Amino acid sequence: MGIKVVIVGGGSSYTPELMEGILKRHESFPVEEVVLVDIEDGKEKLDIIGNLASRMIEASGKPIKLSWTLNRREAFVGADYIATQIRVGGLKARAADERIPLSHGFIGQETNGAGGVFKALRTIPVLLDLAKDVHEICPEAWIINFTNPAGIVTEALLKHSPHQKVIGVCNIPYNMKHSIAEILEVKPQAVQIEFVGMNHFVFGQKVLVHGVNRTQEVLDRLCDDRVDYSPANIVNLGWSKTFIESTRLLPNPYHQYYFQTRDVLHKDLQAFQENGTRAEVVQSLEKSLFEIYKNPSLSEKPKELEKRGGAFYSDVACSLMDSIHNNKEDIQTVNTRNDGAIADLPDDAVIEVNCVITKDGPKPIAVGSLPPTIKGITLQMKAFEELVVRAAISGNYNDAYTSLVMNPLVADEKRSKEVLDELLDAHRAHLPQFYGGKENGKQVHAKVY
Amino acid sequence: MGIKVVIVGGGSSYTPELMEGILKRHESFPVEEVVLVDIEDGKEKLDIIGNLASRMIEASGKPIKLSWTLNRREAFVGADYIATQIRVGGLKARAADERIPLSHGFIGQETNGAGGVFKALRTIPVLLDLAKDVHEICPEAWIINFTNPAGIVTEALLKHSPHQKVIGVCNIPYNMKHSIAEILEVKPQAVQIEFVGMNHFVFGQKVLVHGVNRTQEVLDRLCDDRVDYSPANIVNLGWSKTFIESTRLLPNPYHQYYFQTRDVLHKDLQAFQENGTRAEVVQSLEKSLFEIYKNPSLSEKPKELEKRGGAFYSDVACSLMDSIHNNKEDIQTVNTRNDGAIADLPDDAVIEVNCVITKDGPKPIAVGSLPPTIKGITLQMKAFEELVVRAAISGNYNDAYTSLVMNPLVADEKRSKEVLDELLDAHRAHLPQFYGGKENGKQVHAKVY
Amino acid sequence: MGIKVVIVGGGSSYTPELMEGILKRHESFPVEEVVLVDIEDGKEKLDIIGNLASRMIEASGKPIKLSWTLNRREAFVGADYIATQIRVGGLKARAADERIPLSHGFIGQETNGAGGVFKALRTIPVLLDLAKDVHEICPEAWIINFTNPAGIVTEALLKHSPHQKVIGVCNIPYNMKHSIAEILEVKPQAVQIEFVGMNHFVFGQKVLVHGVNRTQEVLDRLCDDRVDYSPANIVNLGWSKTFIESTRLLPNPYHQYYFQTRDVLHKDLQAFQENGTRAEVVQSLEKSLFEIYKNPSLSEKPKELEKRGGAFYSDVACSLMDSIHNNKEDIQTVNTRNDGAIADLPDDAVIEVNCVITKDGPKPIAVGSLPPTIKGITLQMKAFEELVVRAAISGNYNDAYTSLVMNPLVADEKRSKEVLDELLDAHRAHLPQFYGGKENGKQVHAKVY
Amino acid sequence: MGIKVVIVGGGSSYTPELMEGILKRHESFPVEEVVLVDIEDGKEKLDIIGNLASRMIEASGKPIKLSWTLNRREAFVGADYIATQIRVGGLKARAADERIPLSHGFIGQETNGAGGVFKALRTIPVLLDLAKDVHEICPEAWIINFTNPAGIVTEALLKHSPHQKVIGVCNIPYNMKHSIAEILEVKPQAVQIEFVGMNHFVFGQKVLVHGVNRTQEVLDRLCDDRVDYSPANIVNLGWSKTFIESTRLLPNPYHQYYFQTRDVLHKDLQAFQENGTRAEVVQSLEKSLFEIYKNPSLSEKPKELEKRGGAFYSDVACSLMDSIHNNKEDIQTVNTRNDGAIADLPDDAVIEVNCVITKDGPKPIAVGSLPPTIKGITLQMKAFEELVVRAAISGNYNDAYTSLVMNPLVADEKRSKEVLDELLDAHRAHLPQFYGGKENGKQVHAKVY
């Protein structure tokens, strides 16, 4: 009995990578059926991707059945894995998440600050609904969620969905591991980084190569060489020797938003004036990607895809499904329930942590208490994430406000309200919990302001 | 057997207020002897204050013995209470704490941000040394510490001194209580505010009048009227209705640094360009105060003193000593060991909290878990304070750096170093733990940078 | 506007004491109306008590309206304080709680071990129901619960009732305070004992007289003199010098069940063979008490009442109501929500702790972490109490079993079941949650075994 | 460069098993040198074992260098793994640990109750001393400790030794896994049990076969069949269906001491009257074992060894060393620092838990909060263990007393002292921390009583 994988957001430009991952693992992870699902608005892209994926399968010679559909519930029948890579409101919504905070002098970014809050507020209801369907139709299936902010979204699902087989994934830990391997000139499989923290706020606190501690060497190299393990979408500003030596931790690329705020803001405002928001840059990137995808002679993932930030998402997701399927008990870094792994955080917090991957799900490896240097900011970020989840569920204006004002990238009691009001308005169509549904356009939960 | 009170930093312009407090409580708190202590540099001021205090006692007709001295250890013999109100480095040091951060675009303030860190780094070794003397010479005496940052300093003493009879006091909770009483048109004694947090980062979460909950009414008034319970040294910018309604908490005046950062910075930079640092303003204020103090016909606390920020410090400190002496078991808000009173913070953290005041010391009243809205930022601030205490003890450059970079008002990994280096240099004479003593000027602990 | 007090279980032999307490406090706590409530089965006793109380009021000359009734809901209208002193199943049920465990070789006691578990299982549903009525009819009223096991019952109410104005009281801390005062030859009001733990499992860890620490002296006296602060119903076996010196804590009389188990069991089995259960002794005591109460010339609490174990309950309860009414902010030891006061226990655990008593309820004074010597057993007892509350709510057979097997006085996996089955059967009429109501006698929740 | 293994307590009857384990793993774990170390008193046995081990190596044909010595420090030079299987005071001491408690009506057992406390008190100073040597001579070596009570001893080492490369092992989890595999008729390698708790107090809370949850099936079988996964030294009394169904946990064989105390005590007292203590039984068992070992034609582990309780210790220890050496990242159950893996226990507590075994040591897999049913007893046992460690270090009489009186198998404030005094006296020669060294026989720390 073969494996059925459903890709929700199947019309995404990332799907070819995921297909490639499935194809190249066919021996150990024998997928029998793939269904791509998308919404009405994404129909055109879905067709392009569907056709490309078909050609890829054909070229590979693997016996995989492929279909694409707008009917999510039908697609779920008999599914084993549901990969979710959706973007509620599309790149247009992302543009608002970036533009509005920037216009008030705050970081405008897809997964951090005010933008990240709103991406969460839009995404959580949709994925909760999806999880309800999964729980009803294919209760044994694992949801592998790539949708950002992956940590917050996974926490919302694990706290509020009856479906508990949910794992959040991100390519950042994977990229860090590969970059470190490159620096140390060893194979990535030989490297383990002990991660501590949350998605997009994770630090590496120990680097082991074949089990031998080489952390000091890596820290030295980070200082000397300004090693860049940023994804394509983040410009690395380099970390100071003092920061690295004082924390003795490996920051991740997103930490620049928190510890280089002023410089990043300056750079982003400049970029915004020159090229518009990152969303708009991506939009044009995507446009040309889809032109390439349409080419009927293309039957593999094109090189151009790597320019997008999500490189290796496919490897992360496919390795995870492979290890679950085969109860491999290998170590992968995913977003899952804390359960004490970081002693200072609540059991039901979702963290990004090394896990033993089993058929029974990921088992987090305990890392003990947070390093004192990052204890404060990590606790704050987690408390902020809890406020976002609360607001996403309640649809309460004040809850949304507190999540903004308590985010270290906003933290301005008057401007928070301005940013909040503009973002609520911009995303009105995708915030039913705040506006009480679209049927009559009448606002229910959201405050008149 | 009468009470002996020693005032360390006796030459401070605040001392007349303290004297007034002692005189007016003489019946319930019969002080027999007061000794004012100061250092060589403060000799002139000490003489002026000593003479004024003499005249105040004489005018009151109370049988109190007064003396002033530069010999701290002699003064401690037989002491019951040691009030500490010192300023290591004087207003000149304060000016650096304000000027240097401002010049890099950060809040430059005496007790918050980078300035607060350095005030702590200078003060902690001096007070630890003082506490060692107290423990040796008058081990039963209580240290009543007003020296800022009062919470951090008290935490350092309770964690690192053999002398454990130490209480930190601040006039902020007292002022908030009095302002609320005024708003509600009741007597201050009828009001209890349930405080939660740390010194200069404390919130009020419940207002009781004669035990009746009137929190909602107070919150409404805070929104409507922009009620000002700021001390004289802080300009109130007003809190938005949304902030008050969303947190449902009473902020304290110092919260503007954290939630109105941009506006405060703008205002402070302007003020700086116009009048120099607050330290310089205070310097000139003090100068005229001391002129007034010199007047041989003055035998009471002059009205002009109230313009300084510390109004009511005297009431706070004298009430506290009175209640300890008489085992009053009344409720006062002081800085003391947490011991679970705020469930989310470590037992050995110092918090600002309502306590039952007994001869056996303050007993904190438990307030349970932090409100979710301020959980994150409060945990971060406490973790930051721990980093400051660590740096003050270790004299380690990297420890000082992490305390700066993890302070939400700095949080810039490159500029933190610049600010740190300039402040270390400016305060070199008062940071023996970083520079290894003054005898040969050779730097021991501090890194060459 | 005067105060209305309702006494539920008004027909109890303790009521005259409570009446005395109300009468003697009339000046500061001006009760205007007292209603005694009881159930059909207690009608005869209620009449006797009602008449005695009437005579007591008349003799006192205080303007208090008295009535007695079987209609609880009517009695609650306009009530300010509800004192609950019920015994579900009466002394007959108590006899089973004592006899059945004893017959299997376990401690058979009203509030500890298997007997305590079943008293809780019978009482919790009745008081939850009562609290629901209170919440509906007189939502501002305080429930002052004396019903044992007072700690567990209070925890159940605070966790599962919408009515949160509930305080549990016990005379043990009061008795300990008074005994210590006697030992030290000081007034009870001068003594504060810092208590730590739960009802019937509370230790004293510090004795202050007028705020001065005299713990060592008390510990010495406890060793030397075998000071007896046991209530009338517990025979003191004396504590060894080693135990007192090693723990440096003041045990309470009920600790003998846990640390002198074998000796107590031996003594209790002997007493059982000679006089039957304690319930039966009490039954005959009560019989003669009620004979005395009937005497129409009696118009005060008779001396004979003190032979019952509950002496001073009245003082405890009336002092509490007085302090709430007058927002006295004095310190009393009651059972209330932990909220961090004992740092190792959950916030929502009910503990027995010194509190500041206000109109807004009791505010626990934080005592920090448990002393290491009693940390283990205290944590176990609290976890056991949580299991009892869970079983009382769920009516689940396995939940009841685990609460028994995890009680240190039972802890026998096979005999636990035997004891459980016999007790379930004996108390069938009073365990609707296990047997699904009485209407058709059909068992719903309880397992067939 | 080959591996050097030192076996401390090399003269133990278990050593042949360990040798067998080393020999059969030679390919993946290429040991080059084995040194057996013992003390003067064990010289004769050491010679017998040394000769047997020589013959075993010869028979195997593996190129392993073997030696035996009384000079521990010399043996440590260049060592990679130190296996510690000592018995301070020998079987004679064990006999006292068993006899003395039994004679007072308490469980007399080697690793539980009063006997376990004294085994810890004797062992901890010796192993701390050994660890100091290791840290000095071969700081990179791992100490693999089998010496009981393995959990407490490991906690003492990790808390008080500079040498942190210490892992405690026990065959109980291994045996449980193998028994479950047998019951389910699958290979042991396919089975993972999620363990929660401490050494000799560990429960299984989930059974996975190839990652598939089969816990319910196992629980059913445990009830039906009274499956016996006890080691040879413990007679299984069978667990009741109600206990298994109510806790939904797999007890380990030692849990009978806690939940079947009365029956075990009865059985043990009977066995004691018939055959003397277990120590004496073992003594005669050992005698005949050593007779067999002497046989110069024996060159393999004899079958008779399995009658001792420690079967499979070898597999546990050798698998562990193999996985460390090869950085296998497989899952094994060992005793290591908690670090949050069980959220309710302190970070620095030692627990018995599934770990990923790496060259950098064991990494515990987080299991979250304790199941509510066993939360209380587990917390108590851990707090008890902390008291034992404290007493072992302090040599303080009162500390030893509290560890006894707070053990659930003793818990008698008067008899604890009697048992304590007799055990202190019996083990005087091996309790230097209590008696201040042997040189002059003068007691230093232990109280005169």
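Here the chain labels run A, B, C and D in written order, and each chain numbers its own residues starting at 1.
Keep in mind that, in the parts below, a residue touches a chain if its C-beta (ideal position, glycine included) is under 8 Å from a C-beta of that chain, and two chains touch if they have at least 3 such contacts.
Only a predicted model underlies this, so the values are computations on that prediction, with no experimental measurement involved.
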item	value
Minimal step count in the chain contact network, chain B to chain D	2
Longest centre-to-centre distance from chain C, chain (CA-based)	A
Distance from chain B to chain A - Cα centre to Cα centre, in angstrom	45
Gap in Å, rounded to a whole number, between the CA centres of chain C and chain A	55
Shared-contact residues (touching 2 or more other chains) in chain C	none
Residue ranges of chain C in contact with chain B within the complex	192, 206, 208, 210-213, 324, 327, 329-331, 337-343, 347, 354, 356, 358-360, 363-369
List of chain A residues in touch with chain B within their complex	105, 239-240, 242-243, 245-247, 258-263, 372-377, 379-384, 386-387, 390, 398-399, 401-402, 405-406, 408, 411-417, 449
